[in-house]
Amino acid sequence: MTNSREPSDPGFEQRVRDSFGRQRLMATLGAGLVRVSAGEVEIEMPFADHLTQQHGYLHAGVVTALVDSACGYSALSLAPSGTEVLTVEYKVNFLAPARGDRFVARGRVLRSGRTVTVCSGDVVALVGAQATPVAAMLATIITVSASSAAGAAADRA
Amino acid sequence: MTNSREPSDPGFEQRVRDSFGRQRLMATLGAGLVRVSAGEVEIEMPFADHLTQQHGYLHAGVVTALVDSACGYSALSLAPSGTEVLTVEYKVNFLAPARGDRFVARGRVLRSGRTVTVCSGDVVALVGAQATPVAAMLATIITVSASSAAGAAADRA
Amino acid sequence: MTNSREPSDPGFEQRVRDSFGRQRLMATLGAGLVRVSAGEVEIEMPFADHLTQQHGYLHAGVVTALVDSACGYSALSLAPSGTEVLTVEYKVNFLAPARGDRFVARGRVLRSGRTVTVCSGDVVALVGAQATPVAAMLATIITVSASSAAGAAADRA
Amino acid sequence: MTNSREPSDPGFEQRVRDSFGRQRLMATLGAGLVRVSAGEVEIEMPFADHLTQQHGYLHAGVVTALVDSACGYSALSLAPSGTEVLTVEYKVNFLAPARGDRFVARGRVLRSGRTVTVCSGDVVALVGAQATPVAAMLATIITVSASSAAGAAADRA
């Protein structure tokens, strides 16, 4: 097991940005990469009416999508060149209604292994400069060869 | 604890449909309620390019939003009149890439209590008539008075 | 992905029983294997005073240990010869107090892949013939070569 | 929602110690309370042969029991007098084999509400002074009146 935050791929930031650019959902959410470092990634999005639940707050699924991507890219930032990452599972606790002007999700690698990476994530809602924690995630991600991840026969290992 | 599937609110189906209609995200996803019974709800959506991850499959966050809503509404279908439900947390395992023409999420109440409801959910991807399981959820939902759920001071209990 | 319940190792039952026999904790709990089939395993234990929480019910950690082993062995029953399984993570919902004379945990494989297996599990408490569901689990397990699982340098992959 | 770490019960430490003393499982594990502060609790136990899995490491269920109790008592440390806490659910990721001389579990309150408390926990394995993280937990706990928690008709709310 390596817990070092030394990226094995020096081009990790560009690689994360390229993959993020291919996630059509991120554009649909209006989300952008704020920060990409080795083992930690932040994504931000504004509030939007078309993404709400029945009380007018951001839908839990959108909050989850944001922090899932943040966790996944924190894992990818440490993955060797020629590999891809797949989310095996995650758990999210919702701490407060997702009410705010903007939302920032952060993903961090807790444990980086050859096959299994464990990440923790959180989301804060911002009203002006005031931040309220709205979600906490614990996620399991696996690293696979790029060909098996993208291929038509991909089986999520 | 009551595990009976007797809805305490005879108007439960209309109530679920009204609340679903207020979830702007469901319209954004093109999702519709397929079936609403006491303790079990199904939601369906078509594949859409603007909701994809980097390999062109449906984003895990979208799959999650769909089954979160199915679980939440299965809980609401058994909740007393004058109450609302809030998702406290969930865990999702992804079983296969979310690749298909349509996606059907089902939520089912496993345990219904005065405050805490536990639901299980699953999502299948459909290519024609062939269904592939793509996700499994286990969710915790709480029942609160309608006023505290919607109010400006809502604190998710 | 294979969801077939064809065990790849015809000697799977003996293999499960041998491994179970090496789990010293199972003996400490007084637990025994009730049933071992391909992809599904049941474990039973009696109530015991020395395993309780503060209200005199079985401790949640004991309930978890029981269903963790049931899930792990359901995964092992489908694993190729020469491999071992490791629990990557699990989530458990507690549905009722673990109050009873005996407890039966069942693990079932939901999805069996080359590397990742997903299992669901449940535990019932028995008072005479009456069974009350007390816990539901969703677990992620990986298959590794037997040498890496047991070796001093094992890194859980 | 209050995130303050002000205990509402000034006698919280004694209350935690009294309840811990009634958990027969903790004695069976040889576990002891290391530290009890408002919103954070540490529990320690030595390695023991009778608590192992098939490779001779501490069983995942034992690791879980330890950190479940640490999380539950961190929640109890902030709960009003006359109430009890019940674990609704938890998720645990296993980060490395539970191999060591001693194990220290820490539980911390992430979010404290009137009904729902969310805690994070972790476990480290110690060989001499060297600590290796072996598990991470995210747990949901509810606060109920002491009478309903202990009563014969308790329904976990």
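Letters are used for the chains, namely A, B, C and D, taken in the order the chains are written, and counting of residues starts over at 1 for each.
Following the convention adopted for this analysis, a contact is a pair of C-beta atoms (placed from the backbone, for glycine too) under 8 Å apart; a residue touches a chain by one contact, two chains touch by 3 or more.
From a predicted model like this one, the values you see are computed outputs, not experimental measurements.
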Just to be sure I understand the contacts, which chains border both chain D and chain A?
B, C
What shortest step count links chain B and chain D in the network of chain contacts?
1
In terms of residue numbering, is the interface formed by chain B and chain C classified as same (over half shared) or different (under half shared)?
same
Separation of mean Cα positions, chain B and chain A [Å, integer]
22
When the C-alpha atoms of chain B and chain C are each averaged to a single point, how far apart are the two points in Å?
28
So the centre of each chain is just the mean of its C-alpha atoms; given that, what is the distance between chain A and chain C in Å?
31
Which chain C residues touch at least two other chains?
1, 88-89, 91, 93, 95-96, 118, 138, 140, 155-156
Could you list, by residue number, the parts of chain B that touch chain A in their complex?
19-20, 22-25, 27-28, 49-55, 59-62, 64-66, 68-69, 86-97, 149-150, 154-156
Of all residues in chain B, those that touch chain C in their complex
1, 91, 93, 95-96, 110-111, 118, 120, 133, 136, 138, 140
Contacts from chain B onto chain D in the complex sit at residues 1, 88-89, 91, 113-116, 118, 138, 140, 142, 155-157
